[in-house]
C-alpha cells in the first residue's frame, strides 16, 4: 500500500490551499497550517498511545515523539534529541521526509517554513494531548535537514 | 518474415515509386446492441473508433461495413449516412466491420513529403558533426530502413522489425533503380517510375529477401 | 454487567455518563467522582515507584457494600470509571480490563472525528451504540 | 600506492583508508581514465517535453555539435519533429502499434523517444550502439521525474523544471547507466 | 510489560489513519474558512483534481499499467488505485447500457473512517476530494470524465458510491504553428 503518498499529497494541497489567492498574509497562512497540524496531532496521539503504558515523565514523552511518532509519520526516527533540562528540547532530523523531494542545499530555503508549519502543529498537538503545553518552532539552514525546537510552558 | 512496402523519394522529396508488397488486412466484425459501447467520431470524413478498444477493434480503426454493406467516407453504399444509421435504435442489433485504415495514394504522397523534413532535421539535431539523416526508424512492431544515395534519392523499406538483410535489399533496389529507371532513356528524373521490368524485378527482390530473412533467423 | 460507565475529561469534567435504567443516578455519579481521587492517587504513586507496570488499567479503585468501582486512565489524561454491582461475582478482573480497552477504543474514535471538539461532551451515535453493546456484554 | 598506504599507516581503520584512498589514489585512476572515458561517452543530451509540447528540461553531456539555433527554437523544432515522426509512424505502419517508445538511428547517433501514458516525452540522444535506453528512460521517469518533480510541491507540473535536486539526480542516473560509458569496441 | 511489546498497533494501519486525520483537519479548516458548504464541496473537488494530476504519475510509475483505450480498463485501474492508495477494494458496477458510465462502490470509506457529520453540515460532501482525484487523474491520461457521489455512508446510505461518466477522449496537443 502507498498511503504515505496520500498523506504527502493531502499535505501538499493543504499548503497550497492556505497560500492560494492574491493577498495572503504569510503569518495567517502558516498559522492555519499549524492549526491543522495541531488538530491532527491531537487526534493521532490519542490513537497511537492507546496500546502504550503510561509515560513516566516529560523526557519519556519526548522520546516517544522522537521514536514512535516520527516513525509512524515520517518513516524514520529523529536523529538527535537534545535538552537543556529546563524545558527546551531540540529535535534534529537530518533528512526530514517532507523536504527530501525538494532540495539538497539551499534552493527553496525561503519556502521551507511553509512545509514545516503543519509538523510544528502536529508535534504541539501530540504534546498538548499528552499534557505538555509548549511552543514548537522549526528551523532549516540546509535542506533536507531540519531542527524542531520545543519550548515547554511551565505552570 | 515480412517486408511490407517500399517507397522511393526523389531528391526534392516527391514520391516517385511506391509498392505495397505485403500489407496484412486487419478486420474485425462484431454485432452490437443499442446503445453502442464504442465511441466513434468523424476524422477526415471517415468514421473512426475514438475510445472503447475491445475484441481486436482498436482506437484508430475505421468503420468499413454495416451489416455487410460497405462504408466509405461515412456513407453506406446505398447512400445512407453511417452516423445516422448508427444513431437509430431501430437499426440494432447491428453488425459492424472495422479495419485498420490503409493509406490512399494521396496519403502516401503526403506521408512521403512528411518524411523528407524529418530526415533533414535528424541530421541537423545530431550531437555529432557530419551525421546522415535517418537510416532506421523503429517502434514496437514497426521498422523502416532508409538509404539515401549521394544524389539525394531515398529508398525506404518498411518491414517486420525482425526481418534481416534489409541493407542488402536496399542496395539491390538501388541497383534496380539505376538499371531500370536511370538507364531508361524514357525516364526523366523526379518523375514517377512506371516500368514493368522495374516492378517485376522489385517483386522478385522482395520475395527473395523475405525467404532469405527466414533462413537467416 | 456494568451499572455505570463514565468518561471524565482532563480537567475532571464529565464527558459522558451512562447509568443503567432504574439506578440511582446521583449516587452513581457521586461514586464515579470519588473514584477520581483514587485514580489521581494511583497515578502519582506510580511515578514514585520505579519498575511499576504503568498499566493504563488501574484495577479496583474501591468498593462499597453495593458497588465495585474500577478505574482506567489514558496517556492523554482521560479517566474511565466503570461501576458494577458488588454482588456480581461473575465478572473477572480480566473482563473488566477488556471492557475498559473497548471503551478506550470507542473514545479514540470519537476524538478522531474531525467535528468533535476535544473536551466537549460526547454526543455520538456510534459511541452510544458502542457503550450500549459494552454494558450489555455483547 | 595502496601498498604505501598500508605500510605507512599500521593501524588502519576502514574510514581512514577510504579517505586516503580517495585523496591519494583516485586522482591517478581518474587521470588515467579521463581521455578514454571522454571518447566512450554515449549519451549526448536529453529533452523532456510536457503534454503541451513545452520544454520542461534540457540537459547535455557530451554533445559535440550544436544545431545553430537558440534553445527555444531548437526545442520547438524538436517537438515538432517527434510529433510528426509519431504521426508518420502511426500512419505508415501496416500494423497496430503499441505506443510509448520509438527511436531512429543515423550513422552517428540514435534518438530515443519514450512517452508516458500521461504524454510526457523524454527524448534521449545516444550512441548508435547504446543498449537498454528504454529501461533507462523509464527509470528517469519513475525514479527522477516522479520523485523530484511530482513529489516536490514547489515544482509546477507545467513549468520548466528549476529544481537543482532534480538536475543532480538525473545526472547521477544517466552517468550510472551502462549506456553512458560503454561502447562495444 | 514494556511499552514496545505492548505496541500491538499495526504501523501500516496507523499511517493510513494519518492521512484520514489530516484530511479531517483540512475539511474542518475549510468549513471554518467558507460560509457556504457548496463552496467547501467545490474546493475539495478542486484539491482532489490537483492531487489526481500528480497521483496519476506516481500510479503510472508504481503500477506501470500501460495505456487505457477502454472505459472498462479505466475502471479496473481505478479499482487498483483505490487498493494501492486507500487500502480498500471497491467494487465496480452499475454500468450504463452504453458502457460509458459506472460506479465505484466502497463498503467502508477510509477517508471518512471516524466521521459523524454534525447537523449543520448535512450538505457537505465530505469525501468529495475523491471525485476530484478521479477527474484529475483521468484527464492526465487523455480522458475527460465526470465523477460525483451518489451515495454516502455519512448520510445514512448502506455504502459509499461514486459515479464516473466518460465525456470524451482528449487529443494530443498539436505543436505550435502546425494546426
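Just so it is clear, A, B, C, D and E label the chains in written order, and each chain counts residues from 1 on its own.
Methods note: contacts are C-beta pairs under 8 Å (C-beta built on N, C-alpha and C of every residue); 3 or more make two chains touch, one makes a residue touch a chain.
Remember, it's a predicted structure, so these values are computed and weren't measured experimentally.
K.L.:
Chain with the smallest distance from its CA centroid to the overall CA centroid?
P.N.:
The most central chain here turns out to be E.
K.L.:
Using the touch rule from the top, work out which pair, B-E or D-E, shares more C-beta pairs.
P.N.:
D-E
K.L.:
What chain is the most remote from subunit A, judged by the mean position of CA atoms in each chain?
P.N.:
If we average the C-alpha coordinates per chain, B ends up farthest from subunit A.
K.L.:
Specify the chain most distant from subunit E by Cα centroid.
P.N.:
B
K.L.:
Quick one: subunit D and subunit E, Cα centre-to-centre, how many Å?
P.N.:
For subunit D versus subunit E, the centre distance works out to 35 Å.
K.L.:
Take the average of all CA coordinates in subunit A, do the same for subunit C, and state the distance between these two points in whole angstrom.
P.N.:
About 32 Å, centre to centre.
K.L.:
Distance from the CA centroid of subunit A to that of subunit B, rounded to the nearest Å?
P.N.:
61
K.L.:
Which residues belonging to subunit E are in contact with no fewer than two other chains?
P.N.:
Residues 1, 3, 17, 21, 24-25, 28, 54, 58, 62.
K.L.:
Quick check: what residues of subunit B touch more than one other chain, meaning two or more?
P.N.:
In subunit B, 58 touch at least two other chains.
K.L.:
Going by the touch rule set out above, which residues of subunit D reach two or more other chains?
P.N.:
100, 151 - these are the residues of subunit D that touch more than one other chain.
K.L.:
Pairs of chains that touch, anyone?
P.N.:
Between chains, contact exists in these pairs: A-C, A-D, A-E, B-D, B-E, C-E, D-E.
K.L.:
Show me the residue ranges of subunit E that touch subunit A in the complex, using the header's touch definition.
P.N.:
1-3, 6-9, 11-12, 14-19, 21-26, 28-30, 43, 47, 50-51, 54-55, 58, 62, 83-87, 129
K.L.:
Can you check the complex and tell me which residues of subunit D touch subunit A?
P.N.:
Contacts found on subunit D: 147-148, 151-154, 163-165, 168.
K.L.:
Please output the residues of subunit E touching subunit C within their complex, sorted ascending.
P.N.:
1, 3, 17, 20-21, 24-25, 27-28, 113-118, 121
K.L.:
In the complex, go through subunit B and note every residue touching subunit E.
P.N.:
The contact residues of subunit B facing subunit E are 34-37, 39, 50-54, 58-59.
K.L.:
Which residues of subunit A touch subunit C in the complex?
P.N.:
39, 42-43, 45-47, 49-50, 52-57, 129-131
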